[in-house]
Amino acid sequence: MVKIAFYLTPGGELLEQLSTEQIKNFMATGEGLLWIDMEDVSDEDAQILSNIFGFHPLAVEDCISKDIHPPKIDDFEDYLFIIIHGINYRIDPDVVETTELTIFLGKNYIVTSHDIPMRSVTSMLERVRKDGRTMRRGADFLAHDILDALVDNIMPVIQEMDERNDQLEAEALHEPDRETLVSIMALKRSILALTRVMLPQREIMNGLSRGQYDLISERAQIYYRNIYDHLVRIEMLTLGLRDMAESVLNTYLSSVSNRMNEVMKVLTLIATIFIPLTFIAGIYGMNFINMPELEWRYGYFTMLGVMAVIGISLVIYFKRKRWL
Amino acid sequence: MVKIAFYLTPGGELLEQLSTEQIKNFMATGEGLLWIDMEDVSDEDAQILSNIFGFHPLAVEDCISKDIHPPKIDDFEDYLFIIIHGINYRIDPDVVETTELTIFLGKNYIVTSHDIPMRSVTSMLERVRKDGRTMRRGADFLAHDILDALVDNIMPVIQEMDERNDQLEAEALHEPDRETLVSIMALKRSILALTRVMLPQREIMNGLSRGQYDLISERAQIYYRNIYDHLVRIEMLTLGLRDMAESVLNTYLSSVSNRMNEVMKVLTLIATIFIPLTFIAGIYGMNFINMPELEWRYGYFTMLGVMAVIGISLVIYFKRKRWL
Amino acid sequence: MVKIAFYLTPGGELLEQLSTEQIKNFMATGEGLLWIDMEDVSDEDAQILSNIFGFHPLAVEDCISKDIHPPKIDDFEDYLFIIIHGINYRIDPDVVETTELTIFLGKNYIVTSHDIPMRSVTSMLERVRKDGRTMRRGADFLAHDILDALVDNIMPVIQEMDERNDQLEAEALHEPDRETLVSIMALKRSILALTRVMLPQREIMNGLSRGQYDLISERAQIYYRNIYDHLVRIEMLTLGLRDMAESVLNTYLSSVSNRMNEVMKVLTLIATIFIPLTFIAGIYGMNFINMPELEWRYGYFTMLGVMAVIGISLVIYFKRKRWL
Amino acid sequence: MVKIAFYLTPGGELLEQLSTEQIKNFMATGEGLLWIDMEDVSDEDAQILSNIFGFHPLAVEDCISKDIHPPKIDDFEDYLFIIIHGINYRIDPDVVETTELTIFLGKNYIVTSHDIPMRSVTSMLERVRKDGRTMRRGADFLAHDILDALVDNIMPVIQEMDERNDQLEAEALHEPDRETLVSIMALKRSILALTRVMLPQREIMNGLSRGQYDLISERAQIYYRNIYDHLVRIEMLTLGLRDMAESVLNTYLSSVSNRMNEVMKVLTLIATIFIPLTFIAGIYGMNFINMPELEWRYGYFTMLGVMAVIGISLVIYFKRKRWL
Amino acid sequence: MVKIAFYLTPGGELLEQLSTEQIKNFMATGEGLLWIDMEDVSDEDAQILSNIFGFHPLAVEDCISKDIHPPKIDDFEDYLFIIIHGINYRIDPDVVETTELTIFLGKNYIVTSHDIPMRSVTSMLERVRKDGRTMRRGADFLAHDILDALVDNIMPVIQEMDERNDQLEAEALHEPDRETLVSIMALKRSILALTRVMLPQREIMNGLSRGQYDLISERAQIYYRNIYDHLVRIEMLTLGLRDMAESVLNTYLSSVSNRMNEVMKVLTLIATIFIPLTFIAGIYGMNFINMPELEWRYGYFTMLGVMAVIGISLVIYFKRKRWL
C-alpha cells in the first residue's frame, strides 16, 4: 500500500500524495527529490516499483515477500537496494523481534517499504511533513536520517535487555525456579540472535561510509560513519550482555544446587543427631533379665541426661565444623 | 542411466530423448541448448561424458563414485563442474541426509547427475517438458533454476528441525528420559553437519554471483546472488537452531537433576519427620523401673499428642522454608 | 568548560589562559603550538570547537555526549579525531570503569576533552606548566605523551585485578560462599569488558605507528609503536587474567561440591554405623517367650560387647577404604 | 637404507637397483626418470642425498631425524621438499599414529624416505615393478600417485574411528565404567590431533594444485586438486567425528549420573516406606500402663493391617508420581 | 653489565674483552664481526648502546626495563631489534617461566642482553670462545645460532609438561585430592600462557625467513625457516598438551564424583538392608496382649530365620542389579 509520497520540487515546494502519472513525470525529468513510503507492499505497488522505477524483479520480490531476509546491500548502479533490521517492540519480555526496512536509494529519490509501521520511518515522515526542507540535502542524507533513527531505536532495547538480565540474576539468586531458567535461556538466545543481525548491518554501514557506492556523496559518508560508530557501540554492549547472560545462567545453576545442598544438609543433620539417641533408647528397651541400669533409681533420668548431652554435643560439633 | 535429454533447437523447438549420434552432432555444431540428466551414472553414461563431451576423467569419476563429496566448484574453462548438496528427505526425525547433485555447465549445455531422484531436478524437468521456453534464457539460467529449486527445498527441513527442537524442549521439560537425550544430541549433530555443508555452498554461490566465471553472464549473476542471499538466510537460521539445541540440552540436564532433587527432597523430609518421633517412642519403650510418665493415667495419650505437635510443627517449618 | 589553554609561541614562550580572540588569531596565523584541555564540555565550548577550529559537527557532538563511545580514530585530513579509553579508578573491587578521552590532533594544536578529571591529562598539564619545552617537539609528540601516560595508568589496574583474582582463589578454596561466586563472575565480566576495549585501542595505535596518518611525523611513529607494544603486553596479561578467572570459577565450583561431599560423607557414615547396632537392640527388645539369650546371666553385657565390636570394625573398615 | 631405486630410461626401459655411479651419471645427464625410496635413512644414505643430489643440509637433516615434523613444503627451486603424514596402522584402538613420508621432488626424479614401511609407498613400488610405464607421466605424476595412495589410506582409519565412537556410545549408554571414560577421552584427543595434522596437509595440496610451484605441470595440478578434495572430505568427516566424540562424552556423564540416581531413588524409597511403619511399631512397644489398643483382642492384627495399608498406599503414591 | 665481547677481525683472529675505545673504532671502520653480550643491563651499558651504537632510546629502554615484553621485532633499517622468550628452568613443577632475550642485529655486529644467565647464550659463547670460526658466517648466522639454541631448549620443557600431565592423570584417577586440582589448573594455565608466547615468536621467525628484512641474507633465511618449523612443531605439541590438560581436568572431576558415588552407594545399601529388618524387630517388640507368634516355641528363631532370608535376598537382588 503506497502510504505516503513526498515530492520536493526543485523550487523547494513540498507536494504530498502524488498520482502515478506525477511519479512517471518525475522519473522522466529527474528533477527535485521524491520519497515514497510503502507499508505492506501489494501487487499493485510492486507494479509501480517494476514498471515506473524499473527496479530489478528480484529486489521487488524481496519487498513483497514476508520471509525474513538478512541485512544486505545490493548495488544496481542506478540505485542501491538496502535491507536493514530495526527493533520496534518486544512482543514478550524475553523475545526480541526484528522488523525489516527495505530502501531503494536512487540519485534523487528513495523508496522505503516495510510490513508493519516503523517508528523510525513514521517520525521521519512527520518531520518532512512539518518542514519540507528536511529533504533538501538530497536522497543520501534522507536515507541516512531514516537509518539513523532506526539505529537509535535499538539502544533502548539493549537497555531493556540489560535490566531484564539484572532482574533475572536477582531471581536466580533468591528464588530460582524453572521459569527463571526458561527465561534466562530465551534471553541468551535473543542476545545471540541480535548479535548475528547487527554484524552484517555494521558491515553495510562500513561500506556506505567508505565511498564504496557512488550514490553516497562524500559529505554524507561521514554521517554514515556515525551510524557505523553507533553500531560498533551496540555490538560492544551486546557482547557485554552475552557475558552477563552467561554469568546469570551460572548463577542460576549454582543457586539451585546450593538450595538443594542446604535442604539436604539440615535434614541429614537432624537425622544424624537422632540416630545415635534412638540407638541408646533401643538398648534400654531390650528385655535381658540382668540389666543393672534398669534397676537404678534414677536410671531413666540419668539416661535422658546422657542423651541430652550427646545431642547437644553433636549440635555444637556440627556448628563448629560450620555444617549447620 | 541417461534418464532424460532435452534439446532446444535454435529455432525454439524442443526435442526429447536424443540418440548418442544427435548429441555428437550438437557438440560439433554447438547450436541450441542441451540438458542431459543422469540418475545413478553407469559406466556407459560415463563413456558419453568422457568421449562425447570430453569432460576431465577426475570429474567423471566424481559423478560415478557413490562416496560423499563436499560441495565444490571446478573451472575447466570450457565448462564448470559443480557439486552441490540438497536435502531431499529425512530418513529419521533426528538425522538429516544430504544428497549430491553434480552439474556440468557449458556454454550451451548442462549435464546434471545424481544417485537418487531429486525433487528439485524432477520439478524442473516437468517445467521444461511442459514449456520448452523455460530453457530459452541459456545454460547459466537453466543451472540457476535447478540450484534455486534445490536451495528452496532446504527451508522446509530447517523448519522441521525447528519444530523438532521445540518438541524436544517440551519433552525435556516435562518427561525427560534417556531417549530424549539421545534425540537432542542427534539433532545437535545434524545441525552442526548441516552448517558445515552450507558454508562451502554459500561460497560457491558467492563466486558464481561475483563474475568469477566467464560462463555466467552478467545478467545471470544477480540471480545467483539471490541464491546466495537464500543461503545466508539459511545460515542465520541454522545458527539460531544451534543455539536452540544447546539450550534444549541445558534444559534437559537441568530438568533431570530437578526431578531427582524433588524426589530426594520429599522423601528425605518424610524420613526426617518420623525420625524424632520414633526416638520418642523408643524412649517410652525402655524398661527402666522408675519412669513416672509410664504410670500417668493419660501418659500414652499425652505422648501421642506431643508427637502430633512435633510432627505438625516440622511440616509447618519445612513449608515455611519452602522445602516442601 | 575550557579548563586550561597553553600556547607555546614560535619564540618558545609559554602563555596560559588565552582569550577566544587569541585562539582565533592563532588559527589564522598557524604559528606556535596550542593545547586546549576541556573538562565536561559545555555548549559554549562546543561553539569554540565548531566555529573557531571548524571541527566536524559529528565529532563535536561526540565530545558533548555523555554516552559511551568505543575507541576510534577518524581522519578529517586537517585533523585527527581520536577517542581512547583510560582506566582511572575502580569504583568497586570487582568493577572496572573506563573513562573516555577525546583528542583533536591538528598540525600545530591539540584539543583534549573528558567528562571527569583524568590523571594522565592532569600530570601532563603539570609538566607543561613547569616547563614549556615539554611541548616543543610538536603536536604529535604532545598527543603521544598524553596517550602514553594514559596507557601506563592501565598497568596498575591489571595488577590489582591479578591480586583480586588470587584473593578470590584463596576464598574459593577455604571459605566459598555465595558472595565469592558473585565476585568471581563480576571480575570475569570486567576482564572480558577490558579485553574488548583494549583490542580497538591497540589497532588505533598500530595505525598511528605505521604511517597511516600524515599528521604523525615519521620520528613520532616509533614512539606510538611503543604505546602499541605496551597495549600488546596489556592484552597478553589480560588473556592470562581471563584464564585465571576461569580457573578460579572452577576452583569455586569444585570447592563447594567438595564441602557438601564431606558433610554428607561423615554424616552418612555415622548413620550407617548406628543402623546395624539399632537393629540388634531391636532384636532383644522383642517379646518372644522363648529367647535364650535374654536369660543368660551376662547376656546384656555380651551384647553390648558384640555391638562395640561391630561398631569399631565398621569404623576401621571405613578408615581403611579412606571413606572417613 | 636405500631400499629400492627405479630408473625409467628415456627409451622406456625400467632398471632396478642402480649403483651410486649410475645415479651420478643420471644427475649429470638428466634424462629419463628416477625414483629412489629410502627406509630408515642412514648416514650413508644422507651422503648420497647431500653429495649426489645436492639437497640442502637442513632438508637432509629432517630426513635423518626421528623427531616428529609437522607437514610442510619447502621450495628449493630445483626441487620441492615435502613432508606429509600418513596413517598406517593404529597401535591401540584409541590411539592414532601418524607416520611421516618425506619426498624430494625434482624435475625428473623423486626421492622418498620414511622411518617404517608405508603401505602407500610399497603398493606403488609394486605397481612400478610390474609395469614401468606407471612412471612414464613424469616425476610430478609419480609423486601424485604416492600422495594419492597415502591419502586414500586415511579413509579406513576415519571409518574405524567412527565405528569405535558408536561402540563407545553403546558402552556409555549400557555399561559405563571408568575405562569407557578413559577410552572416550583418548579417542577425542586422537581426533583433535588428526584434525591438526590434516589442516596443513590440505594447505600443501592447495598450493600444489594452484600453480604455486613450477615443478608441478599444469596437467598434474588438477590431479593434486583431487587429493585436496579428498582432504576436504576427510576434514568434514573429522569434524563430524569430533562432534560425535563430544556427544559420546555427554552421554557417558549423563549415563553415570543416571545410574547413580536410579540406585539412590529405589533405595531411598524402600527406606521411606519402612520408616513410618517402624514408628508405628515403636508406639506399640511403649510401656505405658494405660494403652487401650494393647488390650484389644485383635489389636495386633488391626495394627498389622494398618501398616500394610500405609505401606501399600505409599508404594501406589510413589508409582503415581513416577518416582518408582 | 657487559659480560663478554667477542671481535672476529677481518683477518679471522678472535679478540675477547674489548675496551670502549675498541668498540668505537669498530663502529667507525665497520670491518670484522662483533658480538657483545650483556647480562642485567646497567645504566653504564645503556650509555654504550645509545652513544656508541646509536640505538634508539626506546629500544635501549626495553633492554634496561625489568618488565615483561611480549616477543617482537622492530626494523630500524640499520639494525633489527628482536625480543624473544626462552624457557630456562621451571621454578615449580606446574609453573613455566619465560626469560627474555633481546638482540640488536646489525650488518656486522650483534648485541644480546638478558636479565639472568641463559643456557642458549652461554653455550654459544663457549662455542665461539673455543673456535672463532663459529662467527665467520656473519651476524645473521650468529643470531640464528643463538635463536636456534634457545628454541631447542623449549622442547625438553614441553616433554616435562607432558610427563607432568600423565602423572596428574594417574593421580586424578587413583587418588584425586584438592592439590591435584590446583596442580591441574596451574598446568593448564601454564600451557595456555606458553601458547600465547609461542604464537608471536613463530610470526617473527616467519618474517625473518621470508626476506622481509634486508639484514638477513638469502642464504640465512632458510635457516631461520628451520627455526620457524621447530616453532610450528612446538605449537602442535602445545595444542596436544592443552587437549590433554582439558582431558585430565575431566578425569579429575569425574573421578571425584565417582568416589563420592561409591561411598554413598555402599553405605546406603547397608542402611537399606537393615531398615526392613529393624521394622520386623519393632513389630515383635510391641506389647499387644494377643500376639500368637510370641507364644510359639520357636517363634524367636523362626523370625531370626525370616530376617536372615530377607537380608540375604536383598543383598542378592542388589548384586544382580549391579548396585553393589
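For clarity, chains are labelled A, B, C, D and E in written order, and residue numbers in each chain start from 1.
In this text, contacts are C-beta pairs under 8 Å (C-beta built on N, C-alpha and C of every residue); 3 or more make two chains touch, one makes a residue touch a chain.
Just so it is clear, the model here is predicted, and its values are computed rather than measured.
Trainee: Would you kindly count the fewest steps from chain B to chain C, each step being a jump to a chain that touches the current one?
Mentor: 2
Trainee: How many degrees of rotation carry the C-alpha atoms of chain B onto those of chain E, rounded to the nearest 5?
Mentor: Result for this pair is 145 degrees.
Trainee: Mind checking chain A against chain C and telling me if their interface is mostly the same residue numbers on each side, over half, or mostly different?
Mentor: Because under half of the interface numbers appear in both copies, chain C and chain A meet with different residues.
Trainee: Give, as an integer number of Å, the spacing between the C-alpha centres of chain D and chain A.
Mentor: 42
Trainee: Between chain D and chain E, what distance separates the C-alpha centroids? Give it in angstrom.
Mentor: Whole-Å distance between the two chain centres: 26.
Trainee: Specify, in ascending order, the residues of chain D that touch 2 or more different other chains.
Mentor: As it turns out, chain D has residues touching two or more other chains at 257, 264, 268, 271, 275, 278, 282, 285-287, 291.
Trainee: Among line, ring, star, complete and other, which best matches the way these chains touch?
Mentor: Per interface graph, the chains form a ring.
Trainee: From chain D, moving on to its ring neighbour chain E, which chains come in turn until the ring closes?
Mentor: D, E, C, A, B
Trainee: Across the complex, what residues on chain E touch chain C?
Mentor: Those residues of chain E that touch chain C are 56, 58, 67-70, 72, 74, 178, 181-182, 185, 188-189, 192-193, 196-197, 249, 253, 256-257, 260, 263-264, 267-268, 270-271, 274-275, 277-278, 281-282, 284-287, 291, 293-300, 303-304.
Trainee: Which residues of chain B touch chain A once you look at their complex with the stated criterion?
Mentor: 173, 222-223, 225-226, 229, 232-233, 236-237, 239-240, 243-244, 247, 250-251, 254-255, 257-258, 261, 264-265, 268-269, 271-272, 275-276, 278-279, 282-283, 285-291, 323
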